[in-house]
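The structure is given below, and queries will be raised subsequently.
Letters A, B and C mark the chains in the order given here, with residues in each chain numbered from 1 onward.
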Amino acid sequence: MTDQSPTALTATVAHSRIKPGYPRIIGLLLLALLIFCALIGPDLIGVDPVKQQLLEARQSPSAEHLLGTDHLGRDMAARLLSGSQLSLSLAFLSVLTAGLPGTALGVLAAWRGGWTDRLLTNISDAILALPGLLLVLMLAAISPGSWWALYVGISLTLWVEYFRYTRQRARIVLAEPAVEASRLLGFSPRLIILRHLAPEIGPGLLTIAAFGAATAMTAVAALGFISVGVRPPTAEWGVMMAELLPYWREAPFLILQPVFCLVLTVLALHLSVGGMQRK
Amino acid sequence: MFLRSCAVVLIAAIFYSQPTLAETKSNVTIAAPWEVASYDPAVSGYAIQKLEIMENLVDADEAGTLRPGLATSWSVSKDGLTWTFKLREGVTFHDGTPFDAASATSALERAWKQPGVLSKAPVKAVSAVEGSVMFTLVKPFAALPALLAHSTTIIPAPTAFDDDGKPSALIGTGAFKVKKFTPPQSIDLERNDAYWGKVPTIETASYLASGRAETRALLAESGDADMVFTLDPSGYSRLAEVESVKTIAVPIPRVVTLKINASHPFFANAKARQALSLAINRSGIASAITRFPEAAAGQLFPPALNIWHDPSLPRLEYDVDKGKSLLTELGWVAGEDGILIKDGKRFSILLRTFPDRPELPLVAAALQDQWREIGIELEVSVASYSEIPAGHQDGTLHVALFARNYALTPDPIGTVLQDFGPGGGDWGAMGWQNAEVAKALDIISSTGDQEKRAPYIANVARILHEELPVIPIVWYQHTVAIASGLQGVIVDPLQRSYGLSKVSWSK
Amino acid sequence: MTSAHPLFSAFLQRGLQALIVAVIVGVVSFTMMQALPGDAAYRIAAGRYGYDMMDAAAAETVRNELGLNQHWSIQLISWLSALAQFDLGRSLVYGTPVVDEIATQLGYSLLLAGGAVLISIIIAVPVGVVAGLKPGGAIDRLTLGVSILLRAIPSFALGVVLVLVFAVQMRLLPVAGFRGLEHLILPSLTLGLGLAAVSNRVVRDSVVEALGSEWRLFSRTKGLSARRTATRHILRNASLPVVTYVGVQMAYLIEGVVIVEAVFAWPGIGHALVHAIFNRDIAMVQGTALTLGLIYVLLNLFIDVACRLIDPRMRSQ
């Protein structure tokens, strides 16, 4: 009981039906905008995020550089867009890599029960033994600056939630008389899953996915901030925060930008699935 | 009830958090990036010496002129092979044990056996003679006294070692003794009232190792630290506007340099190294990053090292096209993505640097972009500084960026010998030999006659300028922030002392 | 899974977890060691004698001493068995025993974590209760908004903002360091705020639930005043999910400790871990990660026990 990870708990607390509401709409719109930006990336404004122009360092927003330039004269807007590509794609991929097997295994465990269930539960417990960031940190330490270490670490940490949530809900659903009836009638497992299980766990999974994505992005930024994550000159919001921190007095608009982007994205994700709202 | 108790706790917390009023005007707090990892002078000597905990036989003033320290005088035999350092009498270590020939000799012998500045000197033996320490040399070496002013030759007390001979305490003869040492981050000092020299005015001092430059700048601004060293360019310009703080930038004989592995096939030919140098936009870096435009390096030795700096040498240029053509001459061809290829190998290399000096990662980032112009793909690794000697020792280094102090000993020959002598050095040449330089260095170190040395020094400077086993980028400016009320602060260009024994608070 | 005595099963489960943590940390540290570029023997010898002191002979001695020329599977076994005997080795950078280093740092981290939890409780409980007493009201909505916002801000960004506001602008608190208790306030506040952002909602939810439940009715019928009702019955029942949730927040806390210590240069275990990774000091990485992991397991154990003690219903399970 005390092992329940934050998002799983939140998922049970959150709405089980998608209800309209202003925060949710705002969140979804914001998310759509961010995904759009991430898909196109720096090409949106056609500037190279890595190109330096030392003599134009730390400039305020202007016609040429919409959001100003950083300490090495690189265009901030281009870097933020590039960073959004990295963060969102990493988050998306991790969530997918964690979610699909996690859900599938959860259903498997609930369906089969017995030693399959016990084995899988023990594995998930084992991974939960270490706090997520610690695991990611250590994996990142094996090979500093590599993208895959972050990806693997985050995926490993996230899949547990899908597994537990799915297993918990599936057990309840699969024990229902309706499902019993479907089984007796000889419906295939796939049909049963689609018909009975999916609508039950779908919204919850979405919530977990959104929170997982937010966790992934914050983790990448945190590691970038303490210089264990992605390497320069790659633009990543956490790395940018660490790079721009010394200039917080001279040019506060610089460091505020990646902070703002990260907070906005996380906020969008939280809001779009109902945040922490209860009834 | 509950709310009331909450309020009480909150108010108590706020009250307790008020900074102690009227900071004790007999304490000075220093903040610098460097951690003090161990009790061993061979490892942490640079910090122990600067805090005046332990001292050398030979001292030096800010101009580099040698003067008596724990040795009152020294002399050399006619053949130049025997040096005798007469020790000061009546000196005791912090724990009361006497400073004598035996303790000095054992300390120096230890320093000699461990590779440091003394290991490159032709020392045959160190022995204690009544009231003096005697060095027997293999061949004449005029710079020996200068080496004895180096931070690795400071004298710890014999009682500072444990039974296994490992350093286990910080006990010396200096003006300050250690009250509390919390490695690696802080040292609390108190005045040594039994000091043989002028007893300091201030009563206590603290040293705080703070790795982040912006934190140090904040410590200066908020008054939590009274002397802050190695500020980043942004913090430095910010602090210049703060009233309670005085900022100083001192040009010192330190140079931001690139160490190149000349035994690596990419860099074996001097033309390749010259090409690297031609692609560096030094004035851009000096203006935008370090923000001292006049410090763009024209050659390796800065004007501060006046004999070694040769004004007649042509300045190192910024010419991307010339650099490209040099590499083309060596057989490199640009690939599709603009990166050079030769024999199927991409010109892709790794630069090692460290963050303790805030400029370094920035310069490294600038180099990435600048070298891309001539088709070199540079990956930057900002890690611990120890990765650089490690890379030198196991041969895996490509290029490394750091700030080398060429006047670690008051006479640069000590450092130059370490770096460019036979076999190179951890912080010097790698895989590069030059017989002419080796011979010249030999002659320079054997005599104190400046006239005789001059042509050889000029020769060494010229060859280093043409061959570029290390590539200079900018000359270093040592940035310091000092609390306004602190007087008598001398920023030592030789970086041997923080000057704690000479400072005082104005009333 | 639940055996006869619930407390016993809790200990057993956590004991197993501790074992798993040790194995995972050990294996990952070993992999780090193998993945380091260059020669491991060189590195260790350099750590012991200093880089200047290095030569091939010293590295060779180390190589034979530690059996670094054996197959990696054999090395792994000896690595793990050393770990099992609690031999954490010496720091590759400082040369001192890892256990000694950690002993010093542990105190600082516990201080930070304790301060953070204290602050989070001080903030979350009153706020949550007040919000919960009038669900849907102005305060409830305000705290929800602020909580969501706070939760979205990464802890290191929050830390930086707090430093800028309190230490520099207002000169109220120190910037960095760890000399006195006043240095504890900003780091704990940073962590505590993040924790409180979630905790206060949980408190609020529990209060709402308890308010609407039978306990309240029962207690009011008994003749207890509204206030007494709140403290005795509602709080006790509301505290169970809160205690559980505090357990859940432990993960956030441990992770936060690592990041916040790095930001404030607080000399705790998290700071040591980041430093050790940076310095490639594998022995310290292993030691600190192990300590953090085991603390996490220990905390969860406490929560388990606390839960069982608070809720009489669980005792008889």
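Note that in this section a residue touches a chain if its C-beta (ideal position, glycine included) is under 8 Å from a C-beta of that chain, and two chains touch if they have at least 3 such contacts.
In this text, all values refer to a predicted model and were calculated from it rather than measured experimentally.
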> By CA centroid distance, what chain is farthest from chain C?
Replying inline: B
> Can you name the chain whose C-alpha mean lies closest to the mean of all the C-alpha atoms?
Replying inline: C
> How many angstrom lie between the CA centroids of chain B and chain C, rounded to a whole number?
Replying inline: 38
> Using CA atom averages as chain centres, what separation in Å is found between chain A and chain C?
Replying inline: 22
> Once you find the CA centre of chain A and the CA centre of chain B, what distance in Å lies between them?
Replying inline: 45
> Where in chain C do residues touch two or more other chains at once?
Replying inline: 278
> When you check chain A against every other chain, which residues touch at least two of them?
Replying inline: 144, 227, 245, 248
>> Using the touch definition from the top, which residues of chain B touch two or more other chains?
In response: 212, 383
>> Looking at the complex, which residues from chain A come into contact with chain B?
In response: 50-52, 54-55, 57, 71-73, 144-145, 227, 231-233, 245-250
>> Considering only the defined contacts, which chain C positions touch chain A in the complex?
In response: 13, 17-18, 20-21, 24-25, 28-29, 31-32, 35, 144, 147-149, 151-157, 160, 164, 198, 201, 205, 208, 244-245, 247-252, 254-255, 258-259, 262, 273-274, 277-278, 285, 289, 292-293, 296-297, 300, 303-304, 307
> Across the complex, what residues on chain B touch chain C?
Replying inline: 2-3, 6, 9-10, 13, 16-19, 37-38, 40, 42-43, 114-116, 119, 182-186, 208, 210-212, 215, 218-219, 221-222, 224, 383-384, 386-387, 389-391, 393-394, 396, 426
> Hey, which residues of chain A end up touching chain C in the complex?
Replying inline: 1-6, 9, 13, 125-126, 129-135, 137-139, 141-144, 214, 218, 221-222, 225-228, 241, 245, 248, 259, 262-263, 266-267, 270-271, 275-278
> Considering the complex alone, what residue numbers of chain B touch chain A?
Replying inline: 212-214, 217, 232, 234-235, 237-238, 281, 284-285, 287-289, 355, 358, 361-362, 365-366, 368-370, 379-383
